[in-house]
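Below are structures written as structure tokens.
One chain, chain A, appears in both complexes that follow, with chain B as partner in the first and chain C in the second.
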Partner chain A sequence: MSRLLEIENLRVEIPALTGAAPILEGVDIGLDRGEKLGIVGESGCGKSMTALAIMGLLPGAARATGAIRLDGRDLLATSEREMQGIRGRRIAMVFQEPMTALNPVKTIGAQIAESLILHLRLPKAQAAERARALLDRVGLPGPRFSLDLYPHQLSGGQRQRVVIAIALACGPDVLIADEPTTALDVTIQAQILDLLEDLVAEMGMALVLITHDLGVVEETCERMMVMYAGRVVESGRTADVFAHMAHPYTRGLFAASPRSALLTSAREPSGRKRRLAAIPGQVPDPRARPPGCAFAPRCPRAQDDCRAAPPPLAPLGAPGRADHAAACLHPHPPSGMAGDVAASAEGAR
Partner chain B sequence: MSRYLLGRTIALVLTALAASLVVFVAMAVLPGDPAAIILGTGARPDTLAALRAEMGLDQPVAWRYLEWIGGFLVGDLGTSYTYSVPVADLVAQRAAVSLPLAVLALVLSTLIAIPVGVYAASRRGRAGDVATMGVAQVGVAVPNFWLGLMLVILFALTLGWLPASGFPGWEAGLLAGLEALILPALALALPQAAILARVTRSSVIETLGEDFIRTARAKGLSGEAALWRHAVPNALIPVVTIMGLQFSFLLAGTIIIENVFTLPGLGRLVFQAIAQRDLITVQSLVTLLAISVIVVNFLVDLAYAALDPRLSRGGAR
Partner chain C sequence: MSGVVRKTGGRRLPAASPSLVVGLVITAIFVAMALVSLVWTPYEPTALNILNKLEAPSLAHPLGTDFFGRDVLSQIMAGAQVSIVVAVVAVLVGAGIGVPLGALAAARGGLVDDVVMRSTDLAFAFPALLTAVIITALAGPGAVNAIVAIGIFNIPVFARLTRGAALGLWKRDFVLAARCAGKSDLAITIEHVLPNCTAVLVVQATIQFALAIVAEAGLSYVGLGVQPPQPSWGKMLFDAQTYIYTAPWLAIFPGLAITIAVLGLNLLGDGLRDALDPKVRRAR
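Presenting the complex of A and B:
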């Protein structure tokens, strides 16, 4: 039996913008019902492009090749008309900016009911009834949160709940959440993530959670993928990736996140206050990516062979961690992570 | 909603009063004594004084203003010096031509501009966009009286489909009346439509880039459905503003167009009244036109409230 969502060798290019250089290259994803996959990386690494490619909503000039199969059916070969029947019905998406993701001149009830009417052909009254139930489910109970409210009458967190209700309206098989909590207050972030997790468990969907926050992935997803400059650099079960962090970029990302500070002492031996370790350098422009590993110019472990050709994503072969893979010629050896991270943060300076 | 409405209504009344005051003062400081104009230069001083007293011109200016504006409120716009009939009657007759003309022009320009603008936006940068916006660019540059003459040459003289000028009166039947108005309305509407189409295009293009359009597409809506159901209702807000502003140009345009097509409308009445120094008629008519512009802008404000719930409904709860 084929997997629910299977992406094979996905490549996206925007010739007008970047020449022949791809925005995404060689992305593989396999996802089953009920699974939660986290995609992590800096802005511009191709996370959102991957999401838009799955939705078939890439910007006009972009060309996608490879395969994106939903229950065995290749979405890249599906007509736009048929994609319209899949979007919102089988694959739904939650966006980053709840403040602007809702239409300001339509009631939230109408915006939730719209896809119910479109896909399930529900009569208006029934669609409104379902919309009410959805709002209740996402934590906006009536009568305080009436269907007749407009987006500007809600806070950011409340709006994100409405966006989630819209995405869930038709009971999709795959939910793509693109930075769903980034624009929200920290206190609200946890609530929204909990809500998403509950809903995924309850409805048996598969979740693709796109974020730059490693902590969110660790808490939410059983599998994860780290992306850099349009490629997957490390993937595997979240626990394995966190335990090993084979790719130097993954370590850099972790060292740069405030969470790493909790694992290392706040003061260096010299007594200087320890700062978060930024990864030196910048994400390369897609038009000017180095010929080899795109991370090599920023990598403390880079050697000459790294600059020759991009390393393929290869299994690390650790026993019991079959699908843990990294695209690195000189991965960090598996060892206790916290000390290593501190060391790599030192090395990065 | 009611607070918004109340605020707008107060603004409407105050602006109308200010407009009437400006018109009145302008006419009062203008050189030329209406009594002397009526009687001619050879009039005897006592006859002149008697007429001035009869017309109330010997009263203080403030009193004259109050009398005039008081009459205005009960529908008495004064008596025309040249026709010796109440200005209100003249206005009523002429409005029966000008009002349908203005409404027809507004409707035509909207019906042309919005679909054209939305179409151009949906094909941004492609041939259809370039072609329609090229035509619109020409439309913006063309003066309406020249367009009126061209329309007459084509539809009246060459094709013989429509009358070239004049107005048979509504007694002649609705169809005959509309036939007489269609060319002048087109002459007024097309340049306006050109501007409006450009505004619509850029507004729709801007709205199409909004996040909620992506949300709509992610729901499964076709590009077309997202355009009409989500982009256009948002894009219309600035378009309605421009429509309100255009209405005053439309009124100014009727003065020229009614002369080109010899239509017995308000615009022609203003033109004649000015030529004949019929000051009270000019004063009342100009005030009336100013008030109609103010009222249209009031209606635009109401349309905003209908189009944009952020204006009419409270903020975050």
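Presenting the complex of A and C:
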């Protein structure tokens, strides 16, 4: 059975003087229409690289191997010319920074109409009509939000709505949203996420939501993937992963988010204010990754075998949770969540 | 939904700075002078009148007459035509070739970029005016060759400027967004990169325009530009040398014309730079 988007054993490396530096290794993704997949991880773990690899827009020297199939067609083997017909038409992208993702010297109407004219060969008048309808749909109704407005006349949230309208103009099959709410106000974040969710349901797209906010994934996506140092370390249905965070890195991410603090009491028994648990250390440089599990140097549970070879992503085998897999030799056993995370956060400190 | 949306639509006019206003007025006067001279000058600029030769400024001849009795004011007005036409066409030639070259270098990078940029280095290695002198000396004097010669040394200026501005733009998110929308490099260059370069290019064009006027005057001065009897500011200066003590107005007025025209264009360029600077303008 051919899925809408299928990524198999994707590996991206950048040639360096000291030998090729792998940016991504063994990434597998399967996505069907209407599905929402969340990819989480801290900065530099390969989330955005995965997105760029799907778009075929990896930076100059980077080389991708493996397979990225859209409806069975391998995008890695597709010519740049043909990719131009796929980008924007079948796969679209929403960016993190709405302040810079719009061209400052063109009206928003022209920017939305552009891809309609390019991909669907609509005449100008019709493209303008569709642009108007799209703006209405993303919550920027006329006549207040005219097509003749320039980006600097809009607020950040309004601009992100325009960016979404541009991405959706041609009715893509896959929408990749790279940190779409990171640069926005908290109050606007929820609105934009709701809008994305509605649109995905309405248009039957598949959504890849890239974020470092576990809360966003929990609310929006039915499946999730945690990435660390270019590898998938835990994946499965969001509910399963949240019920049992098996990989120590997933737990670390959760413990470091303000949400975990809400689950525990804000003050410790001693009365001292509880602080968020940062994961000590940082993501290793792709040119100098440790031979074993890349997370081992920062992991409270690491043992000698962790440092020998990178553990494969293996199903945890819990009954009824077939999809749930983790790349860890010593995963956390399933147990009650909240207190458990708080405890492991203590341990990590 | 938060945020206030201005209803005005299009871009607002930039606030006018003094240098913009003064530069604009001076430039407008020179252009008007050239246009008026097409249909009317106080005297026929090339009409000889030996009886009135070397007359000091008077009511009849506000700026005096030269050795052949030609009216200096009429000659300066007609000379403005030549200066403006030569400068405009030379800048258009330079920009017309330099901007696409620079945009190509920025879009392609690698070998193309190297070839284009090393070529501009080569062009910059020769003094501009000397290059123009050599070209006109080889191709023969005349207005058209002066235009070509001045245009050629404008090419690397525009090529470099465009490449520099475009390189920065290629790293911007909206260009990545355009690529994600499936646009080709050519379409991105035309639709996204060049429109964002216009401000710097317009400013540079006014400055090159001023330089071209000086260059044209220089070429005419050494006899390689516009040929007599067609009046030209540089030629007038050359002719005035002989009478610098007996009839200083012959040198003073064409010299002033060049100076003021160049000053006006430079002020205009400065004013435009301030007015078009997004950091100043985009005070929301």
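Note that the second predicted complex is superposed on the first by the 345 of 349 C-alpha atoms of A that agree within 3 Å, B and C clash if a C-alpha of one lies under 4 Å from a C-alpha of the other, contacts with A are read in each partner's own complex, and residues count from 1 in each chain.
As a working rule, a residue touches a chain if its C-beta (ideal position, glycine included) is under 8 Å from a C-beta of that chain, and two chains touch if they have at least 3 such contacts.
Being a predicted model, the structure only gives us computed values, none of them experimental.
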item: Fit or clash - chain C, chain B, common chain A; value: clash
item: Chain B versus chain C as contact partner of A:His332, first or second or both or neither; value: neither
item: Which superposed partner A:Ile188 touches (first chain B, second chain C, both, neither); value: second
item: Partner chain in contact with A:Ser146 - chain B first, chain C second, else both or neither; value: second
item: First (chain B), second (chain C), both or neither touched by A:Arg89; value: both
item: First (chain B), second (chain C), both or neither touched by A:Ala101; value: both
item: First, second, both or neither for A:Arg130, with chain B first and chain C second; value: neither
item: Footprint overlap on chain A, comparing chain B with chain C; value: 55, 57, 84-89, 92-93, 95, 97, 100-106, 114-115, 118-119, 144, 149-150, 152-155, 163, 166-167
item: Parts of chain A lying in touch with chain B, wherever the complex brings them together; value: 55, 57, 80-81, 84-89, 92-93, 95, 97, 100-107, 111, 114-115, 118-119, 144, 149-150, 152-155, 163, 166-167
item: Interfacial residue positions of chain C with respect to chain A in the complex; value: 1-3, 5-6, 9-11, 172-174, 176-184, 187, 191-192, 195-196, 198, 278, 282, 284
item: Sites on chain A touched by chain C in the complex; value: 55, 57, 83-89, 92-93, 95, 97, 100-106, 114-115, 118-119, 139, 144-146, 148-150, 152-155, 157-158, 163, 166-167, 185, 187-188
item: Residues on chain B engaged by chain A in the complex (per definition of touch); value: 210-212, 214-222, 229-230, 233-234, 307-310, 313-317
